[in-house]
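So that you can tell them apart, the chains are marked A, B, C, D and E in the order they are listed, and the count of residues begins at 1 in each.
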Amino acid sequence: MHDGPPIVELRDVSKRFAQHHDFADRVAALMTRKALVDAAVLAVNDVSVSIARGEVLGLVGESGCGKSTLGRIVAGIIEPSEGEVLIDGTRQSAMSSEQATRAALDVQMIFQDPMSSLNPRKRVIDIIGEAPRVHGLVSRAELDDYVCMQMERVGLDPTYRQRLPHQFSGGQRQRIGIARALAVRPRFLVCDEAIAALDVSIQAQVLNLFIELRASLDLTYLFISHDLSVVEHVSDRVAIMYLGRIVEIGPTDAFYAAPNHPYAQMLLAEVPRLGGGARDYTPVPGEIPSPMDPPSGCHFHPRCPHVSARCRSEAPVLKPIAEGRMAACHLNDQR
Amino acid sequence: GHAQQLVIGRGSEPQSIDPHFTRAGPNQMTAMHVFDRLILTDENVRPIPGLAVSWEAEDELTWLIRLRAGVRFHDGRPFTADDVVYSLERAPRVPRSPASFAQSLSTLADIEVIDDLTLRLRTTQPSPQFIENIGTIYILSRAASEGAQSSDFNDPSVAVGTGPFRFVSWQPGDRLTLVRNDDYWGEISDFETVVMRFITTDAARVASLRSGSVDIIDLVSPADLPRLRSMSDINVFQVGSLRLVYLALNQREEMIRFTTADGRPLGENPLRDARVRRALSLLIDRRGLTDYILQGAGEPATQIVPAGVFGHAQSIPETRVDRDRAHALLAEAGYPDGFGVTVHGSGNRFVLDSEITQAIGQLLARGGIRVNRVEVRPYAAYTPKAAAGEYPIFLFSYGNTSGESSRGLSGLFHSYDAQRDLGTLNRSRYSNPAFDEVIDAALQTFDDTERERLLWRAAEIAFHEDTALIPLYFESAVWAARTGLEVLPRRDIRTLAMSVRIAR
Amino acid sequence: MAAQGDHGSPVLADQEQPQWRQQWQQFAESRRAWLALWVIVILLLAALFAPVIAPQNPYDLTQIDLFDGRLPPGSVGESGFIYVLGSDVQGRDMLSAMLYGLRNSLFVGVLSAVFAVGIGVCLGLIAAYAGGWIDALIMRIVDFMLGFPTILVALVLLAVLGQGVGKVILALVIVQWAYFARAVRGIALVERRKEYVEAAMCLNLGSARILFHHILPNCMPPVIVIGTMQIASAISLEATLSFLGLGLPITEPSLGLLIANGFNYLMAGLYWISVFPGLLLLVAIFSLNVVGDRLRDVLNPRLQR
Amino acid sequence: MSPGQMPNGTTPVDATANGLLLQISNLTTVFDTRAGRVVAVAGVDLTLRPGEILGLVGESGSGKSVTGFSILGLIDPPGRVSGGSILFRGRELVGAGDVTLRQLRGRDIAMIFQDPMMTLNPVLRIDTQIIEAVRAHTRASKSEARERALEVLTEVGIPAPEERLKCYPHQLSGGMRQRVAIAIALLHRPSLIIADEPTTALDVTIQAQIVHLMQRLCRESGTALLWITHDLAVIDGMADRVCVMYAGRIVEQGPVRDVLASPAHPYSRGLVDSVPANNRRGEPLRQIRGMAASPLRLPAGCAFQPRCDHATERCRQQPEAVEVGPDRLVRCFHPLTGREVADRA
Amino acid sequence: MIAYLIRRVLQSVGVLLAVSLVVFLGIYAIGNPAAILLPDDATGAELDAAIASLGLDRPLPLQYFTFLGNAIRGDLGTSFVFNTPSIELIFARLPATLELAITAMLFAVLLGIPLGLWAGLKPGSAFDETVVTGSILGFSMPNFWQGMMLIMIFAVGLGILPANGRGETGTILGIETSFATADGIRHLILPALNLALFKLALMIRLTRTGVREVIGLDYVKFARAKGLSEQRVLMVHVLKNILVPIVTIMGMEFGSLIAFATITETIFAWPGMGKLLIDSINNLDRPVVVAYVMVVTLMFVVINLLVDVAYSALDPRVRLGGNAP
C-alpha cells in the first residue's frame, strides 16, 4: 500500500434527513398541543473512517442502513450535516476553487442502475466527453480521440460512440458509466451496488473490469454492496453498517474468518454459498427497525441473541479488537 | 290556455326593480309595466296624460298639475298627491345610483300640495322642458316603499305601483314575472301573466322564438330579418326609432393620428376643415348601409331627429354619394390624394355596430381615403377612449329619449364646457359660436313655434353647413312575434307587454 | 425504450436504427395519423401561401364590395368575380377569408403555444429544481393564473395595449403558461431524482448545465405532446375570444373570428359564413390533435412494443 | 378455506401415469414486436414432480419468466404461446379457455413475482387483496376469508397479522410484502408454485427468511416449486433439480448437486465459474466472453456457439438433448465431462 | 393534517390578496365604469354624480384599502350595476351553475369512464378507433360553435328540446333546482351536453391512457395470477389506480365548469355565474368581478384541497402532510 495521508477521510460524519418545520407546523403543533415530532432520519450516524490510497474498502449492510448516503457524501453529491470529509488530508473549506473542483473530480461514483444513471438522451460520446470538456481536461479537437480511448479502456467498441444508452446491454451500460467516471481522471471510485442489477455472467465481467482498472490506474475504491461474497472477493477491508452506524471494520480475511459483531456473524451465516450443498435456511429473528425511530442504545439489540441491559441503554462505540480491526459491541468489553 | 300568458324574450335586463335606481333603458321598460308616471309617452314618444290628467304653466316658473282621480295602487291604497311628492323627493336621492333622475329634477324649487289631486310646482329658472322631465319620474306608493333600499324592491310588497301589471318575481339573469292589474285605470292587457325572459344573445333569442319557447322577441337582429319575414308562423313589426347612429369626426387640434395617402404621418388634423368633413359624408352610402347591412332595419339620417319629431329641419337634404364632389372638396382643402386614418367602432353596443364600422371602412377606402385599420372594441374598452378623444373617426349612437331635438343638439354640438356642463357628448369637440348662440336661445324659449324655428336653424348649422358629424341612419326597432299576436312598435324601443295584443 | 427486459437485454436489431427513425416508422403506421399529418402540411402550405392562392385579399378594403354581400356559394358578383364558397356580409370572398383566417389562426396558435410552453417549461423546471420557497412561489402564481378569467385578461390587455395579433398572443400566453409550468414541474421532479442527475452533479457540471442540458431534454417528449395539443387549444381559445369580441382585429379575421361573425347569420340561413370556416377549423384542430395523440403514443416508452 | 375442501397439496396427485405434476414439451412463446419476432421461449421441455423443487437458472433475457407466465396463460399481447404443450396433471393448458385457466390460477398453480414492491396493488389494503383471492375460488364469507387470511399470514411468519391486514402495501417492508405475496400464493394450497426471482430484490437476511419458508412449505405440504433465479448459490442450497436456460432453450438439466458441481454444458460451466466464491480472491473472475444472444436474431444451431470455446462446425446445427448421466440431459455436441471441470478448478 | 390545512389557508390568503389587487388594477386600466352605466344622453354633471356615488372619485389605493378593510369584515363590496352585495349576487347564481356543472360532470364521468376503459383494453380495435376519433372531435370544436349547433339541431330543427333558459324549478331538500321538474331537466340537457362534450372527451382520454399504462404492470398480472375474474381485475385493480389522475384533473375541470361556463351560459341564456361574470366584466362592475375572482380562487383552493384529500384516500402512498405545496 501507499504511504501518506489517506485519500479520503471521514471525521464524525452524520447525515440527517430532517423534515423542515415551518410556521404552519408550529401553529398546528400549538393547536393540537402536541410537541413537534422530529421526523428526521439519521441516515448516517457519526461515522469516522479513512481509506488509504490504493485500497478497496467494502461496505456491507442491509437495505436502508445508509450505505448509499455514505457513498454520496464521499462522492460530494450531498453535504454531511455534521462532521467533515477530508480529501488528501485537506478540508474542502481550506481549498481554492480550483483545488475544490479537482477534489470533486478526484472522487467519482458508479451507480446501481446502469439505465437510470445514464442520460437516455445523450450519445455515448457526450456522456463520456461532456465533463472533460467542460472542465477543460481536453480540447474540443482531442475530444473524439479521448473518448475513444476511455471506451477502449473499459472494453467498449469505440465505433459505438454515437449510440444512445438504450442501445446497449446492461453490462455495456455499466461500462459506459465507468468510462464516464474515469474520463475526469479520478483517483477514487465509489461503487454503489454497481453490479447488483446485473446478472451473474455480466457481474463477473464488470467486476473483472474493476479489478483490472484498480491495478492499471492505481484507483482506490469504496465498494458498496450487500452481496457478501462479492465484497469478499474484491475488498481489502470490510466495513459493516447497521442503521447508520459502522458496527465493525477490519481486513477482509480476518473478518470472514471470524466476524466479531453479532450482526456480522448473522449476516455471514445467511449467505448462500455455492457448493455448500443442501441446507436448511434458518429465519433471522426480528425485523429491520425503522430508521425513523431507531432502537435505543445499540441499534441491533432487539435482534441480538446476546442482548443485555446495557445494550438497551448505551450505544457501543467502535473500539479496536485486534490489529486493524474495530467493532462496536459491548460484548467485547467483557472479554 | 296559452293566450293567458305572454312570454317575452328580451335582449336586455333591468338592473333593479326600483324604478328610481337608474334611468337606463332596460330598467325603464321594466318599470313602465309596474309603475305609472305623471305623463306617459305614446308609441311615437308624444306625451299623453298619465297619472296627471292636465298640466299648465301658470307663469315661466310655475306649473299646475291635476292628478287622475280614482287610481289605486296594487295594494289597494288610493293614489294621492302625497305619493307624487314622495316620489319626486325620492327619485334624485337613491344611493349609489349610476344614472339617477336628479338631472330631470334639477330645476325643481318646491312643491305645493293644493289638494289630494292638485299640485303646484315651482322651478328655479325658466324651463320649457320641465314638465317633460317631471313626466319621466315613476310614481311610487309612499306607504309601501318609504325607507326601502333599491334591493328591497325585489319584494312585491315593496314594488307597488299603479301600473298595468303587478310585480311578482325577478330572477336576475333569467326571468321576470308579472301579473295583470285588473283594476288598471287604463287599457287592460290581454294577458293574465307576463314572463320576460332575458336572452342576451341575438341568435339565441331568435332560436327561442323559432322553437316556440317565447312568444315575442325584441331587438331582432337585421341578420335574421329576411328569414323571419319569410316565415309564415312569425310576424315582424318594425318602426324607425329615435336612435341616431353617426360617425363622429374628431376635430381636436391635438388629434394628429392621421397619415398621408402613402402612409407617412400627417402632422395635422384634416377633420378640422369642414370641407373635408363634408367630403367624407359624401363618400358614405347610407342607403347601402341600411339596405345591405341592416336589411331595411334603418332609415338614412340627415340630422339628429327623424322626420315627424319636433325640431326636424325639413330644409336639410339627404346626402347622396358623390365621389367626384368629395374629391373636389378634398383637393380644395389641400388633400387631393386624400389621407390615411383608422376607423373605430364598438362591438355589441347597438345593432350590428361592428358590421357597420367595417362597412364604413370599406366605403371610405373605396372613396379614396386610405383606411389604415378598422378597429372594433368591446364597449367597455371602447367608450373610455372615445370620451377621451383618442379616436379620429369613430362610430357612435345617440338615443333621443325626449320627443324633441334640443337635448341632443346641445349635448352633441354645443362647444364643450365642463363648468357649465354643456356639450357633454361633444366627443369630437366641434365648436361653432354661431351654433352655440342659436341653441342657447332655443333652450330658453317657451314659445313652441319660435323654439322649433331655432332648433331648425341649429340643425342646419351643425349638419348642413358644418357637417359637425356624419349622421348615418336611424335604427329601426324590430320585434318578431308568433302569428296571432300584434305588436304596436314603439319608437323609443321599449318592449312593453302593453303593446302586445292578441290579434282578432 | 426499445423492447427490453427491465434489467436490460437489448434487442440488438434496434441498434441499427436511430430512435427517431423507429419512432417515425411507428408514427406512420397509423393511417389516420399519417393522413392527419398530410392535412396539416397542406393546411400549413395553404396558410403560408394564402396571399398567392387566395382569389382576393380580404384585408384590402378596396377589393371587397358591400354590394356583393351574403352571396351563397358559387355566386357570381357584380364585377364577375366568382364567390366559390360564398361571401360574407361585407362582400368578402369566404374562400380567401378562410385562407387568410387559417394563416392567422395557425400563427396565433403556434406562436402562443411556443411562448406559453417556453415560459411554462422554464418556470416549471426552476420550481422543480430549486424547491423550497421558490417552488412554492411559482406554484402559487400558477394557482393564481388558473383561477383568473381569460376574458378579463384579454379585455385588460385590449384596453391597455390595444388590438392586434401580438396582443392576442400575449393574452393567450398569459393565461396558458401556468398549465405548462405545473405539468413540467411534475415531470422534472421525477427526472431530478434519477441517478443521471446525481452523476452529473458528481461530475461537477453546474446547476444551469444540469437543468438545461440534462433534465430539460428528458422532459421534452411529454412537453412536445402537450405542446401540439396546446396549439389546438390556443386556436380554439382564440376563436372563443373572437366570439366575445376580444380577439383579432375585425378586418384581419382568424377562423374563429369568421365563425363568430357568421354565428349571427346562422339562424338566418346564411350557413356558409360560419359553417365553412367552422369545418376548416375543425379539420385543422382535429388533425393537430390526431398528430399530437399519435406522438404521445410513440414517445411514451410505457406503451411501446 | 371452506369446509370440505381438501388442500390440493395433500391429495394424491397421480392422475397421470408417469406421476408428473407438470409436463412441458416443446413450449414456444413468441412476441411479435415492431423490430421483428422475439422467440423468448424456443422449445422448452421440462417436467416437475409433486413436492419437487426445480431451479430454473439462466442469464437475463433467457426466457425464464416467460416460461413461468406461459404456464399460467398470462402472456399478454403482442406475445403468445405459439406451440408445444403444457400438461398439468395430465390436462392440456395450451389453448385452454379463459375460465379453465382462471380456475387454475391461484388455486392449483400460484405465482410469486420478482419485485415485491410492484406485485401488490398499492391502492388496496392487504386484507382486500387476500380476501378477494380467497373468494375467487371458494364460497367463503368475508369473515371466513379474513380468518383464512390471518392463518396464512401467521404461517408465513408475519408478526401481528391482525394489524398488518389493515395496512397498505407501502406501509410494509419489502420482505414483509414478499411474504404477503407468498401468503396469497399459499391460500389454496396449490400443488405448484412458480416463484419468479422472489428474493432478488431483497437482502440476505430476508432472503434467508423467504427461502426457509418456501423450503418448509414444500417439504410439509408436498407443493412443487419452480424457482426462477439467476443466483446459483440459492438454488444450490434448496433445489432438487435445476434447469439451465440459454436463449429460450433449456441447455442442461439434472440434479442440482451434479449440475453445479460438474456442469456438462459449456454455458452452465461458464455460469458456475463466474461465481466469485469459485475464484481466487482479488483475482479476475473467469467470465463468459461475448454478449448474450439477441432473441431477435438467434444464431443458427446452438445459440451459445459464438461464445463457446468448444464450438466446432457441428455446432451450426441444433443439438438435441442427450442424456449424460442419471436424470441429466444436455443440449450440446461437446458435453464436458466431470474431469475437465475438476481440472480447471 | 392540520399543519397542512393551515399552510393551504395561509397560501390562499396570499393568492386572494394578489387576485384582488390585480383585478382592481386591471379594471382601473380598462376604464371608468360610470361611463358605461350611464345612458347615452347623460350630462357631465350626471357622470360626476355617478362617479361620486360609486366612490370612484377617490384615489385608487384608498379605494383598494377600503375594499380590503371591508373584505376582512366579510363585505366584498356592492355591485355598481345591481346595487346588491356582490357576494349575494354570486351566490344567487350559484345553484343554477352548480346544477349545470354537476349534470355535465355526470355525463362526462358516467359515459367517459366506461368508454375509456373499454377502449384502453382493446387498443387498436375498431371500437377504440371510433371512441378516440370521437373524443378528438370533442376537443376540436370551439365551445360556442358546438352550442349553437346543438341549438340548431335539437331545438330549432327537431324541436325536441328547449333552445335556452332555465326551465321551471322546484325544491328538493329546500334547495331550488331544475332537477325537481321535468321541464327543468329538459332545459338542462342541451347546455349540460354542451359543457360535457369537452369533459367527456377528456375523461375518455384520461381513462384510456390510464388503462394502457396500468394494464401491463406487475400487480395487475398478479391479480390475474390469483385467479380473479377479469371484471374484478378491471373494476378494482385497474380502475382504482387510474382514478388518481382522473380525480385530480376532474377536480380542476369541475372547478372551471363552475367558474367559467361563461360561453355556454351566454348562448343558452342560463342564469348562472359565468353569465354574471361576463356581464360584469362588460359593465366593468368591479365589485362583482373582484368578488367573483376571489370566490373562484377560493373555490379552486377548496377543490384542490378536496382533491388532495380524495387523492390520499385513493392512493394511500400519498401523505397529506408530506409534500408541502
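Everything that follows uses one rule, which is that a contact is a pair of C-beta atoms (placed from the backbone, for glycine too) under 8 Å apart; a residue touches a chain by one contact, two chains touch by 3 or more.
What you see is a predicted model, and the numbers here were worked out from it, not measured in a lab.
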item	value
Of all other chains, the one whose Cα centre sits farthest from chain A	B
Comparison of B-E and A-C (more C-beta pairs in contact)	B-E
Most distant chain from chain D by Cα centroid	B
Interchain centroid distance [CA atoms averaged], chain A/chain B, Å	86
Rounded Å distance between chain B and chain E, as computed from the means of their C-alpha atoms	38
Rounded Å distance between chain A and chain D, as computed from the means of their C-alpha atoms	32
Whole-Å separation of chain centres (CA-atom averages), chain A against chain E	52
Residue list for chain E, restricted to those that touch at least two other chains	30-31, 148, 152, 156, 216, 281, 324
Residue list for chain A, restricted to those that touch at least two other chains	169-170, 198-199
Chain C: positions in contact with at least two other chains	2, 7-10, 14, 155, 159, 244, 263, 266-267
Residue ranges of chain E in contact with chain B within the complex	30-47, 49-50, 53-54, 78, 80-84, 89, 92-93, 96, 148, 151-152, 155-156, 159, 162-166, 266-272, 275-276, 279, 281-284
Of chain C, residues touching chain E in the complex	32, 135-136, 139-140, 143-144, 146-153, 155-156, 159-160, 229, 232-233, 236, 239-240, 243-244, 256, 259-260, 263, 266-267, 274, 278, 281-282, 285-286, 289-290, 293, 302-303
Interfacial residue positions of chain E with respect to chain D in the complex	215-219, 221-230, 232, 236-237, 240-241, 244, 314-317
Touch list for chain D against partner chain E, complex	69, 72, 74, 76, 98, 102-107, 110-111, 113, 115, 118-125, 132-133, 136-137, 168, 170-171, 181, 184
Chain D residues within the chain A interface of the complex	59-60, 157, 159, 173-176, 202-209, 211-213, 215, 230-234, 236-238, 257, 260-261, 270-272, 274-279, 281-288, 291-292
